[in-house]
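Presented below are the structures under discussion, each in the form of structure tokens.
Next come two complexes, and both contain subunit A; in the first it sits with subunit B, in the second with subunit C.
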Partner chain A sequence: MEIEIKVISRDALERVFSLWLAAGKRILAPKKTGELVDFAWVTQLSEVCLDQVQTVQSPKLAIFPKVEELFSYQTAFDQVTIQDRPLEALEEIVVFGLRPCDAAAFASLAAIFTWDSPDQLFSARFEKMTLVGVSCARADEYCFCTSVGGGPGATTGSDILLTDIGSGEYLAEIISEKGRQTVQAAAGKFQPAAGKEKESHLAKVVPSFALAKITPALAALFDDDAFWAEQSRRCLGCGACAYVCPTCACFDIQDEGAGDSGKRLRCWDSCGFSMFTLHTSGHNPRPLQSQRWRQRLMHKFAYMPERQKVLGCVGCGRCSRACPVDMNVLEHLRAIAEAKI
Partner chain B sequence: MEALKNKAREWLDSRMVQLVIGYSQGSGDSVRAVFVHDPGQVETLLFDSRCRQNLAVYLLKPEVKKMGKAALVANLTTLRAVLQLAAENQIGEHDVLTLTVNPAGELLVLSTLEAIETYVAISAPDLSVEEKAELEKYEKLGMEERWQFWQEQFSRCLKCYACRAACPLCYCSRCTVECNQPQWIPVPAHDLGNLEWNVMRAMHLAGRCVNCGDCSRACPVNIPLYLLNQKLISDVFRNFNARSGMAAKAENTLSTFKPNDKEDFIR
Partner chain C sequence: MSEANIFKPYLLKIEQVIDETPDVKTMRLVFTDEQEGKDFTFRTGQFGEYSVFGEGECTFCIASPPTRSGYIECTFRKVGRVTSALANLEPGEIIGFRGPYGNIFPISDWEGKNLLFIAGGIALPPMRSVIWNVLDLRDRYGGITIIYGARTVADLVYKRELDEWAERADVKLITTVDPGGETPDWKGKSGFVPAVLDKAAPSSRDTVAVVCGPPVMIKFTFPVLAKLGFGPESIFTTLENRMKCGVGKCGRCNVGKYFVCKDGPVFTFAQLQEMPPEY
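Moving on to the complex of A and B:
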């Protein structure tokens, strides 16, 4: 559908929050606790923090939380009864205040979770989620959305994108059917936007590398062990980058049971961990951190574009900000794009 | 820091070491670890108050070990980690050469573990004045309040294990949390899993932690892990008069049996 442009005042937006709650929706938005700005469940706009460049974690936790029950089971003699999660009981949620890169990232996540055998829980949650983004007025040295097809005011993925245009007003771009329904349900809160623009209110993010060079360079560099060893030497092999990443989708399955009942849980996992690919035999096809670092980049910039036709990176920069040893991914991507191959 | 660069160049040129693990300029105002193996790269080395990462964490990494003998640019807690690793038989006398810069800004070559022992004697007895003040504030909390405090802090834990990865003394090739026959610690990052993980890690570091603070700095969700460690450092000091990372030969405080232990239950 064609994007419709409206304006909404901060006061009206505050009332929209009440309408969402009254309609039984939960609202996930950036909230400041101490020094930390991260996604949390909120009930009013005044709780929301939009001053940060980015939150620590990505909003993927709305539909792919760090731990979730997939089903529960009971055993009795030789009978096993499995109870799936009742999908109809899942709540409708609004993710508010996510950045355009985060909204775009849901396409990468969905591409993985619906690739061959669609994940029912993920799909049901995705269906019940509305994304009301807020475009970026500021960026930092870790941001590189414009190098991977996004932008500080990009509309892809959002249902509604708001841009703070000053004087307590937001320009509202109504992007999807869900966005249109949200506007309809908020009767009269969104007003016509005569002659208002967002461009002058957006952060400037200068593209830092040529994306077209990355995939072929990765293919050519694959066997260059020294290159990957040099890039990854300081990497400690923790999972901070993967866990804050809006597109990292790897998970581990854990059964937790006691006696004759239990549940199966899906937990985040990371290809950076040394045990990620460890086989029962003791063989590990990726025994070195350099191979695991290479895998991380290959997956996002080569395998996903090839298999899922979508990039596995939106340039949010979270991995670089969260990394305890400053493994600045943008710097590494630049080196890959500029490598003599 | 010309003296540092010159020494690194001299050692690399003479093949006394094959590698200098030090600090270089990182993103923005930060510094990051650098692995200098070519004398031509020594210009990237620097040392100032931003150099807080405990680079001893890299000494036991197979990828780094195979590069050859290393010189380590070390701050005070890195030196203590080196001693603690020696005390735990993880590194030997000839595995590493250390370089440090004293408070007067002079480069010191600490080429033996004994030289490191002599130097680290300048460190604070157990905790700094500021650390003690914060710990005293924490210790005024009742048990229920402490429980609530940690429940809330640990609820944020993602189980990314950045704390473990950043810690020079978390060197187990297979951590307890990864042993699943039987499963000691629940893997999921739910409340119980997070509590058990963080408490287990703190206990495994009791009497060993050198208080470098890297676990807290590594934590993406700002869990004040230093507070757990400092509480244990303070308790170990008070109860056993022991300090980790001060000597290259030392018994592990919490895992050494002594027939004359003052507690009855253990005899």
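Moving on to the complex of A and C:
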């Protein structure tokens, strides 16, 4: 559908929060706790913090929780009963205040969970989620959305994108059917937006590498062990990059049981961990951290574009901000794009 | 929303447990839900995620052939948390099973050809499914040769079936154990699989070779097959990368852009030559 442009005041937006809650929706939004701004369940706009460039964690946890029950079970010697997740009990949620990069990231996640054998639980959560993004007035040295097809005011993925245009007003772009329904349900809160523009209110993020060069360069560099050793020399294999990444979807499946009942759980995992691919025999197809770092970049920039037809990176920069040894993925990608091959 | 939970397993009852070696067992499993059992189909080469509730899941092939319906079998070595728990279960107890997953041995393409099976150690189970499948359709295939090796005589699995194959006039079976692994009454060969293959020198003419075994055996077997004249398109193997989901999502079984769980586990040597060495 064509994007519809409206304005909404901060006061009206506060009332929209009440309408969402009254309609039984939960609201996930950036909230400041101490020095950290992270996604948390909120009930009013005043709780929401939008001053940060980025939250520490990504909003992927809205539909891909760190630990998630796949089903529960009861056992006896010769009988097992499986209790499936009741999907109708999943709540409708609004993710408010996510950045355009994070909104775009949900498409990458969806591509992984719905290709081939669609994951019903993920799809049900995705269906029940509305994304109300807020575009970026500021960026930092780690941001590179414009190098991977996004932008500080990009609308892809959001149902509604708000831009703070000053004087207590937001420009509201109504992007999807879910967005249109949200506006309808908030009768009168969104007003016509004659003559308002957002461009002058957006951060400037200068593209810093040519994306078109990355995939062919990765293919050519695959066997260059020295290149990957140099790229990953500092990597501790801690997995922080994967945990904060809005598109990382690798997971483990574990049982948590006591006595005759328990749950089967899906838990976040990371290709950076040394045990990720370790065989029972002790053999490991990716025994070196350099090979695991290569896997991380290959997966996002070569395998996903080929197999799932989406890029596995949105340029949010979280992995670089979170890295305890200051590996800046942007520098690594620049080196790949500029490598002599 | 009508699709099923892809992580919800079938419930299978352990009908029989066979001790293959001190740490390897075979389990015959039947569906607790009769209708699910009737509707369940698979093809040779496919695998599944077997689970002990409270311990977790583990990945093995289906070791029985699709030509024998009413049950599936798995053969596993007791090594980690789940296989140890599985090994402690008794007939009558219930386990979970998700599958079948992955691609197949293209046995209909092999009709009319000779078949050479080469297996090492605990890698006979995936091959046992395809061996029984073609033996159950015996008149569709030419000569069938099986070369099977293990570290010691005690490590040979499916001993009763090896005896059965040895007695069949329409199967040529060569068994071998690593030097030092023989028992006083061992009647098979002594030597590593690639060397035994080299000496047996089966013809590559109109022949498909299937190789399953530890990486080191596979590594030294491919050159011998090449020397015997087998082209890379007529050598098949299975990859055994670690898996969790089995459905192309959890991110760990990939070899380059290929998912072993979706694009494999069966690959030709020609395909392996195009893939990075991440297996």
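Assume the second predicted complex is superposed on the first by the 341 of 341 C-alpha atoms of A that agree within 3 Å, B and C clash if a C-alpha of one lies under 4 Å from a C-alpha of the other, contacts with A are read in each partner's own complex, and residues count from 1 in each chain.
Criterion: contacts are C-beta pairs under 8 Å (C-beta built on N, C-alpha and C of every residue); 3 or more make two chains touch, one makes a residue touch a chain.
These numbers come from a predicted model, not from an experiment.
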Subunit C versus subunit B on the shared subunit A, clash or fit after superposition: fit
Touched partner set for A:Asn328, first subunit B, second subunit C, both or neither: first
Contacts of A:Leu36 with subunit B and subunit C, given as first, second, both or neither: first
Which of subunit B and subunit C A:Asp252 touches, first, second, both or neither: both
Contacts of A:Ser123 with subunit B and subunit C, given as first, second, both or neither: second
Which of subunit B and subunit C A:Arg286 touches, first, second, both or neither: second
Touched partner set for A:Gln231, first subunit B, second subunit C, both or neither: neither
Partner chain(s) touched by A:Tyr142 [first = subunit B, second = subunit C, both, neither]: first
Subunit B versus subunit C as contact partner of A:Thr163, first or second or both or neither: neither
Subunit A-centred angle between subunit C and subunit B, computed on Cα centres after superposition, in steps of 10 °: 80
Subunit B versus subunit C as contact partner of A:Phe71, first or second or both or neither: second
Between subunit B and subunit C, more extensive residue contact with subunit A: C
Overlay on chain A, subunit C to subunit B nearest C-alpha distance, Å: 5
Where subunit A meets both subunit C and subunit B, residue numbers: 252, 254
Complex interface listing, subunit A residues touching subunit C: 70-71, 73, 75, 77-80, 82, 84-85, 87, 112-113, 115-121, 123-124, 127, 222-223, 249-255, 257-258, 262, 264, 266, 269, 271, 276-281, 283, 285-286, 291, 295, 298-299, 302-303, 306-307
Complex contacts: residues of subunit A adjacent to subunit B: 34-36, 38, 56-57, 66-67, 141-142, 229, 233-234, 236-240, 242-244, 252, 254, 256, 265, 267-268, 270, 273, 275, 288-290, 320, 322, 324-326, 328, 331
Partner subunit A, residues of subunit B touching it in the complex: 26-28, 30-35, 53, 57-58, 61-64, 156, 158-162, 164-166, 178, 186-190, 193, 214, 217-218, 220-222
List of subunit C residues in touch with subunit A within their complex: 1, 3-9, 11, 13, 51-57, 77, 79-80, 83, 92-94, 96, 214-215, 240-242, 244-245, 247-257, 259, 262, 276-279
